[in-house]
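Here is the structure we will look at.
Lettered A, B, C, D, E and F in written order, each chain numbered from 1.
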Amino acid sequence: MNSQIIDQLKREKILELLKTGKRIDGRSLDEQRALTIETGVIPKANGSARIKLGNTEVITGVKIQPDKPFPDLGDKGILICTAEILPLADPNVEPGPPNEEVIELARVVDRGIRETEMIDLHQLVLIEDKSVIGMFIDSSVIDSGGNLFDACSYASVAGILSCTVPKYEIKDEAPVLVEGVTSKPPIKTLPVSVTMARIGDYVVVDPTKDEESCMDARITITTNSDGNICAVQKGGSDGFTAEQLIQCSETALSVGRKIRKQFEQLK
Amino acid sequence: MVKIMTQLMTEDGIRCDGRRLDELRNISIKVGVLKNADGSAYIEFGKNKILAGVFGPRDVHPKHMANQDSGILRCRYHMSPFSVTERKNPAPSRREIEISKVIKEALQPSVILKDYPRTVIDVFIEVLQADGGSRCAALDAASVALADAGIPMRDLVSACAAGKVADRIVLDVNNEEDQEGQADMPVALMPNVGKITLLQLDGMLKPEEFKTCMQTALVGCRKVYEVQRKALMEKYFQTGEQ
Amino acid sequence: MNSQIIDQLKREKILELLKTGKRIDGRSLDEQRALTIETGVIPKANGSARIKLGNTEVITGVKIQPDKPFPDLGDKGILICTAEILPLADPNVEPGPPNEEVIELARVVDRGIRETEMIDLHQLVLIEDKSVIGMFIDSSVIDSGGNLFDACSYASVAGILSCTVPKYEIKDEAPVLVEGVTSKPPIKTLPVSVTMARIGDYVVVDPTKDEESCMDARITITTNSDGNICAVQKGGSDGFTAEQLIQCSETALSVGRKIRKQFEQLK
Amino acid sequence: MVKIMTQLMTEDGIRCDGRRLDELRNISIKVGVLKNADGSAYIEFGKNKILAGVFGPRDVHPKHMANQDSGILRCRYHMSPFSVTERKNPAPSRREIEISKVIKEALQPSVILKDYPRTVIDVFIEVLQADGGSRCAALDAASVALADAGIPMRDLVSACAAGKVADRIVLDVNNEEDQEGQADMPVALMPNVGKITLLQLDGMLKPEEFKTCMQTALVGCRKVYEVQRKALMEKYFQTGEQ
Amino acid sequence: MNSQIIDQLKREKILELLKTGKRIDGRSLDEQRALTIETGVIPKANGSARIKLGNTEVITGVKIQPDKPFPDLGDKGILICTAEILPLADPNVEPGPPNEEVIELARVVDRGIRETEMIDLHQLVLIEDKSVIGMFIDSSVIDSGGNLFDACSYASVAGILSCTVPKYEIKDEAPVLVEGVTSKPPIKTLPVSVTMARIGDYVVVDPTKDEESCMDARITITTNSDGNICAVQKGGSDGFTAEQLIQCSETALSVGRKIRKQFEQLK
Amino acid sequence: MVKIMTQLMTEDGIRCDGRRLDELRNISIKVGVLKNADGSAYIEFGKNKILAGVFGPRDVHPKHMANQDSGILRCRYHMSPFSVTERKNPAPSRREIEISKVIKEALQPSVILKDYPRTVIDVFIEVLQADGGSRCAALDAASVALADAGIPMRDLVSACAAGKVADRIVLDVNNEEDQEGQADMPVALMPNVGKITLLQLDGMLKPEEFKTCMQTALVGCRKVYEVQRKALMEKYFQTGEQ
C-alpha cells in the first residue's frame, strides 16, 4: 500500500518533468543509459560477458557442448538462452522456481536472438539427425536497476560474440573433443533489443526501475543488422496507440544502430 | 526425416487454405456455454476450438495476494493434452505461462478493476484444439466471457494476427503459415478506445512491412469485434435472457 | 462454515423427498440423468467425444502414437486414461498439480477400462518387447455437475469407440506411419461405470452435485458386456451394509445395460 | 522375456502357498511399538511388514485446513524404497496417494471426530515389505494404532481381501494370486457396527461370484478382528499398562 | 516460544548435571547408548537391518540391481545411501520433500561410507563404461530419539554387511540374473560414525533428543578399521575450539573401536 | 575414457599450480559491489569468482517462520549454470542445499541475532566460477557482506581448506588437488573469538595428520582474515564512506 502511494508520487514527479522534455536522471526521452561491456569474465565458460546498463548489471556465460538435436530439427544445432534474476540483485526477488515475469524475460531474450537468426544453426550440426553442437547462453541479473530485457539481451549477444567454439570429431558415431582447436561461432547478424516505456503520453527509451514502477505499458523491439524488425513483445497493464508503436519501431532502429556499433567492436 | 514443403501461396495470392490475403478464417462464438462459470464463451477460429470461463469478482486466496485499492486479474491459458499433433504433457509449459501473462496484460486495460478492491477475477482458458493464432482466439473468447460475467468493462478486446508469407503481408496466419512463413504478429485492440493491448512479433519484417502488417492486423481485429458483438447480442437480446 | 449449514439444510430437504421416493430433480432413485454423446469433436485427435450427463460435461481426446512398451509387458500395447477437472468447470477447483480427488478420479476411470479388458492390448504390439502402439485417453471435465466418475468413463469409452488407429510399418526397427491407412481399435467389450450415492438409508444412482455434497458414501461399479463386475471403488466418509452393496451391484448391471445400448450405436 | 507361470492351485483346492481356499495367511500384530507416536502398531500379514503411527488430536497446520465443527483425519500410506522387488522411488506415487485416500475414508466412520473441532488426527503408514493385500494389512494396523492412541472410536476397522484364482473364490489373496489371478477384492468392515467402509475390485466376477467373494472377505475381516482385539488386550490388560 | 522456554530449562538442568560429570540418563560423557542390531529383517531386500540406539530406531534396506555407471566413472559400481525421517518417527516431521536437515543427514551418512571406501566399487563392474552393479542403501528413521547421524550410519553398515549380492552374466551386452548364485559384497573396511554434541563447555558422545535440543554445536566423525579419520561434519549454530575438536577426533577413534566390534560379529 | 593424470606434486614439494605446501592462492575481495543489496562483496579466490549479497534485518515471509525472541539467518549458496565444466542445471542440487546449511551454521555464531526479533537476515551467495574450496571462498565473501550491511557481529568468519596431496599436508586445496588428492578439509574460524564454526572432511587422514591438517587450515584462515579486514578498511576508511 505504502509503496503504491510512493509509486503514485513518483509518477507525478516523473510526468511533470516529462512535460518539459526531461527525465529524472537528466536523459532525453530517446536516450539510453551508458552501456559498458566486458567479455571473458568467466574463463571456464566458452564465452562470457558482464555488462552494465546504468544501474543494471548482468553476467552471461556461454557453455558449448555436443547434444542430440530436437526431433524434427535434425539439421540444426541447439541454441538456448535463459535468464534469471538472482535474489541478491533485488530485495523483492525470492529464491525458488521462476515466476511468470522471469519466464517472460528469458523467452523474450531467447526470441530476440533466435528470430534475428544471429547464429547460423545449420553450421552447428555434427551428424545430421544424430549429433549437434548445443549453445547454452545463461544470463544472471546481479543488480536490478530497470530494463532487464535489454540488459540480458546485450549480455547474451556479447557473450556469444566472445565465444570460442571447440572442435569435435566424430568417432564411432560419438563426438570427441579435439583439444586446442577452436573457431568463432557462425554469426550472421547482430540483434539489438530496445525497450521503451509509456508513461502517460510520453514514451521513454531504456526505462529505469523508477520509471518502470509507474509506467503504463512497455514494448521491446529487436532489430537486426539489416534494419529488419524481428521480434516484438508488448508488456504492462495498459496499451499503446498504433502511432506510438510505429514511432517505437523507428526509435528501436535508430537507438539500435548505436548499440550495434558497440557490438561491432567485440567481433 | 522427410519434410513435405507445402506451397504457401499461389502466384495470384491465394493461400494454402484457399483464402485471399486479407481474408479471415471462419469464426464463430457462443456465449454462456458453461453452467458453473460466472461467464463463459466458446470460440471456433479456423481450426482453433477454445473455451473461456470467468469467475469473480471473488475473494483472493491466498489473502496476501489481494490488493487493497483494486481488484486483480488472473489468467490461465492451458492446452489440452489432445489439442496438438503430439500429445502434450498436461503440466503448464513455459510457453503457456508466458501466453497467460500477455493475455492477462492484454485484457487488463479493458476491465474496470478499481471497483472491486481485495477481489480477484479469474479467467481460465482451455485450448481444446490448437491452430495458428490460438492466443488471439483465446483472447477473443476471454473478452466475451468477461462481458458475459457482467464485469464492468471499458471496451471489448479483439485480437487477430497478421504476418508475412511468401513475401506478402497476410491477415490471420494459419498453422502452416505460422510454421513455414516469414513472420507472425498477434495484435489485440480495444476497438472503441483505439488502444493496442497486445503486440508480439516473431519473424523478419522491413520497417514498412511492420507498419502494413500492424494495420492489416488491426483491420482484422475490427472484423473480429463484429463477431464478438454479434455473439453477445444474440445471447442478451435475441434470446431474451437478462 | 456457512456452506456446512447449507449442506445440512440440503440434506434434510433431500432426505425428506427420498422418504416419498422422489429426488430434487424429479428422477426415481435408480434413474440416470440424460446422457448425450457427440464424437469427433476434436478432429486433430485420433478419437474424441463430448458428453453431457445432466449438468456435467466432459471432453475426451484420444492420441495414438508409437511408444516403447513397459518393462515386463513387452507383449502389450500401452493404454493410459487420465482425467482432470478444468478450473473453468468448478468455482472450487484451483489450477495446479492434481489433488487426491482428481488422482482417484483418473485412476478409477482408468481401471474401469483396463479391468474390463475393453481393448485387446496384444493387438497393439508392433515388435514384441521393443515397439508398441500407445493410446492416451485424456478427459477434461469442463462443467462439473456431479458424478464425474461416470461422466469421465463414458467420455473415455465414447472417445475410444470413435477412434481410427493409424497404421505403422517397421523400418530399421523403428515404426513409420503409413499415410492414409487406418483401422478401428480392437474392442473386446463395452465397460459401463455406474456410480451410486448413499444418503441416509437411500441409495441413488448418478448423484448430482447437490446430492454428492450431502451423501454419506459412494460406490462406483463397472461392468462389461458379458454382465461381469470388473471394477469397484467405494468412496466417501461412511460405509455401506453388505445388502446395500449387493443391491448396488444389481443396479449397476441393469442401469449399465441402458448406457451400453447408447455405446453400441457408436460402434 | 521368459515368464515362469506358477500353478496357482492344485486340483483339490490347495493354493500356491499351501493354504486352503478359506485360509488366512499368518497374522501378528504388536501394539505400541513406537515411542514418539501417540499410538502405533506393527503388523506382519503374510509377507507384509507394516508400521502405523498416529499423532493427535493436535493443531492443524496450515490453519485454513482446520474444520470449526469437527476434527479432521489425514492419512499417508507410503512404501519404503526397499519394500518391493525393484527399488521404489521414495516420492509418493499416484497409487500411494489413492490408497491413502481410500484408507482414510475406510477409517473415518470408526473415528469420533466431532469431539475434537479444529484439530487433526494424523495416521502415518509405512510399508516396510509389501505382499498381496498390503492396503488391508495397513488398515488393520492403522485402526489398532488409532485405538492405541486413545482416540474415541465407534468400532475397529478390520480389513481383508478375497479374490478369484483358478476360477475359485479364495480368501486373502497373496502376491502371486494378485498378479496371476482373476480378481482381487479388498474389503474393510466395522465388525460390530456391520458397516463396510472399503470395497474395491480389480478383475472379473460374475454377479454370483461378486456376492460370494464379498461374503468370503467379510468372514476374513471377522477373523482379522479377533487378532486385532487380542493384540490390544495383550497390551492393555495382560501387561497391566494404563 | 513455550518450547524455547522448556529447552532453556532443560539446558540448565543438563548443564548442572554435566558439572558433576553426569548426564540425565546416567551415562558418562563419552559413553554411547546401547546399540542393538538385527539383520535380515526385510527378506525381500538383498540386505537389511533394524537397529536401536537408545530410543532411536532405524530400518535400512539394501537393493542391488544392474545399472549404467555414472559418466566418467565407468570403472566403478554405484553406491547410493539415502536417509529419511518417517513422519511416524517424530511429531515434528511433516510429510513432503526432504528439507535441509534430512538432506544433510543423508549426505553425511553417504559420505561416511563412501570416503572410508567400505566397498570396493571396482569389483562391482560388469562391463567397463557400460554396465555395473548398483547398491541402493535406503535408511528410514522409524523412531527419533536423537543422534540420527550415527543411527542411520550403523543401520546402513549393518545392512551392507548382511547383503548377498546376486550374480549377473552378460548376454548380448545386457546383464542377466543368474538364479541361485550369490556372494558377499566386497568389503574393505568398517566405517564407524561417532557424533558428539557440545553443551556449554562439555562435549558428550551420542546425544539424546533432549541433549540435541539444547546443544551449541555438533560434530560427526567417521573412522575406518585402520584408525584413519575419513569424514567429518560440523553442525549446529555455534562452534568448537581446536582443542575440543582434536579431543573429539580421539573420542571418535576410541568409541568407534567398540562399535566396530559389534560390526565384526555380523561379517 | 582416457584420464590424463596430472602429477600433483614435485619431489621438492611444489604443487601442480606452482605453489608451496603452505601457500594460499591469490585472493582479492571487493566490498559493496552491488547497489540493491544492503551489503555485498565479491571475492576471487584462485579461480573461484563469487558474489555475496545480504538483505536485512527485514520482515520474515512467510510469517510463521519468524522467531519472537531472535532474528533468524537464512543462507542460499547457488552455482551459476556456467560456473562449472559441464553446464549445471539452475535448480538447486542436494549438494548446494547442504552447503547452504553448513555456511549458515558457520556464519551464525558471528551474527548478533538477538537484537532483531521477528526479522530475517538473508545471505545470498552466487558462485559465478567454481574452483576447489568454493564453500570457503563463499563464506569469506558472505562474512564481509554481512559486515558491509552493518549487521552487528562478534567477529568475522574466515574460511580456508587444507588437505592431503601426495601424502603431504597442504594449505588451500585447488580443483585438481581436490579431485585427485587424498583429503580435503574446509575450515572456518572466528579469528578473534577463536571458535571453529565449520569443519568438514572428505578423505583419509591418520590421527596425527588430522591435527596437522586442521592447524594448517587455521593458519590459512588467519591469512584470509587479513585480506577480509583490508578489504573492509579500504571501503570504510580510505574512501571515506560512512
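We adopt the following convention: a contact is a pair of C-beta atoms (placed from the backbone, for glycine too) under 8 Å apart; a residue touches a chain by one contact, two chains touch by 3 or more.
Source: prediction; values computed, not measured.
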For subunit A and subunit D, chains touching each: none
Given subunit B and subunit E, the chains that contact each of them: none
Averaged-CA centre spacing for the pair subunit B and subunit A, given as whole angstrom: 27
Centre distance in Å when subunit C and subunit E are each reduced to the mean of their C-alpha atoms: 48
Centre-to-centre distance between subunit E and subunit D (centres being mean Cα positions), rounded to whole Å: 32
Chain contact topology (line, ring, star, complete or other): ring
Ring of chains, enumerated from subunit C in the sense that reaches subunit D first: C, D, E, F, A, B
Residues on subunit F engaged by subunit A in the complex (per definition of touch): 34-37, 40, 47, 49, 51-53, 55, 58, 61, 76, 78, 80-87, 90-92, 122, 124-126, 128-130
Contact set on subunit A toward subunit F in their complex: 41-45, 48, 55, 57, 59-63, 65, 82, 84, 86-91, 94-95, 97, 136, 138, 140, 142-145
Subunit C partner contacts - residues on subunit D that touch it in the complex: 1, 68-69, 94-95, 97-98, 100-102, 105-106, 108-109, 185, 190, 194-207, 210-211, 214-215, 218
Sites on subunit E touched by subunit F in the complex: 1, 4, 72, 74, 100-101, 103-104, 106-107, 111, 115-117, 129, 219, 224, 227-242, 245-246, 249-250, 253
